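Written below as structure tokens is the structure these notes are about.
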Amino acid sequence: MVELTDNPICTDQITAQVTSPQCGAVVLFLGTTRQLTDGRETVTLTYTSYAPMAQSEMEKLEDQARSRWPIGECVLIHRLGEVPVGQASVAVAVSTPHRRDAFEAASWLMDRIKELVPVWKKEHWATGSTQWVHPGMTKNLEDGTLQ
Amino acid sequence: MVELTDNPICTDQITAQVTSPQCGAVVLFLGTTRQLTDGRETVTLTYTSYAPMAQSEMEKLEDQARSRWPIGECVLIHRLGEVPVGQASVAVAVSTPHRRDAFEAASWLMDRIKELVPVWKKEHWATGSTQWVHPGMTKNLEDGTLQ
Amino acid sequence: MIIRIKLFALAQDLAGAEEVTLDVAPGATIETVREALANQVPELKSMLVSCAFAINNEYATTSSPVEPEDEIACLPPVSGG
Amino acid sequence: MIIRIKLFALAQDLAGAEEVTLDVAPGATIETVREALANQVPELKSMLVSCAFAINNEYATTSSPVEPEDEIACLPPVSGG
């Protein structure tokens, strides 16, 4: 199950969705907004996406994970819009018969989501400036403090 | 935070407890009662413990994990008594600044809990017989079908 | 032929537009599109080398051909999660 | 000296008791306890080789000495989680 949503991520619902009588293990990963990045303070993040492609890339990742691990249930959710400090922007949850597979699959899914799913994060710094996060780009422009 | 409890495990509460503004990653593991083990059907499990030692062993594991990984918050819960099919008997949750550490710490904690914490599981098979689970023991007695 | 390129995140901000229309020769590839986009929107020039492209919601390679009816997207390095 | 051993899970069921009292010589170790327990409760004999022991909530080794006031526990292979 794959979802892009503007709403807060509800973990009880996710763990209920993935728990299965065939599976003895559930692993849930949440990516949450951190207050400090390299010593700079974040007030909030906003996420934007290329929604149809993000949806289809997440569906492909679920399919690939299911072909690699004996997954019972799988939930991939990315929140869009504003995600304040301490709240979750992404959730990955899988159930498998045994725990090693659940850890491996959830970790792999999260790595691939960060590599492949067209979603972008904008930092809203406590200084008032904002900045798109584009990993590996040599020159990132920052609103208000153009470098 | 370490807890032995007779009550159902509430995952929303756990993820709220471990989420921290200093941490960008939360990993939650749930061990749930499986319906089938080697083709045999389980109706329910009951867990018993040597409670004071189980509590202190889990506290030591939390301390050791905190010395190995930059853990923000950590919750270890083992449920005792009856845990029906599909419900969680154990929860491990950690938050860390970055995700790799959260996956590693949660997986390590779960491995150590299964090795070291004095808790025992009794299978209640659909056939009506019951059986203590003692991994590695050559001869396990089964009530009702003594071998 | 006329093609339209969707822009996202910093690319959208720098271009000041969610979409850019380009006129490219038939047989154009993603590489052609990248060059034409850099020429038409010079603000994007320095970041385009870091951008991936998608055709109809699938990642494309530099040699992938484009057609007028394709949905083409310029994707700056992603940062979800 | 008199010591008491807590039993759990299958060991408790086989002995039909949550606790067993043993009389061992001063200077006894966990190894002595294991032997005395097997002699006093023959039902436990075959499983004791698989059991760990704890003294005052800490895992003990076969050479750990025991004292009358110690809380000693016989721990069959654990199966939590």
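By letter and in written order, the chains are A, B, C and D; residue numbering begins at 1 in each of them.
By our rule, a contact is a pair of C-beta atoms (placed from the backbone, for glycine too) under 8 Å apart; a residue touches a chain by one contact, two chains touch by 3 or more.
Not measured: the values here are computed from a predicted model.
Each step here moves to a touching chain, and the least such steps from chain B to chain C number 2.
Centre-to-centre spacing of chain A and chain B amounts to 26 Å, using the average Cα coordinate of each chain.
Mean C-alpha positions place chain C and chain D at a centre distance of 73 Å. Residue positions of chain C in touch with at least two other chains are not found. Residue positions 31, 110 of chain B each touch two or more of the other chains. Contact annotation for chain pairs lists A-B, A-C, B-D, with touch applied as defined. Those residues of chain D whose C-beta lies close enough to touch chain B in the complex are 6, 8-10, 13-14, 46-47, 50, 54, 57-59, 73, 75-81.
Residues 31, 47-50, 52-54, 56, 78, 89-90, 110, 113-122, 132-141 of chain A touch chain C in their complex. By the touch criterion given at the top, residues 10-12, 15, 19-36, 85-88, 95, 97, 99, 102-103, 106-107, 110 of chain B touch chain A in their complex.
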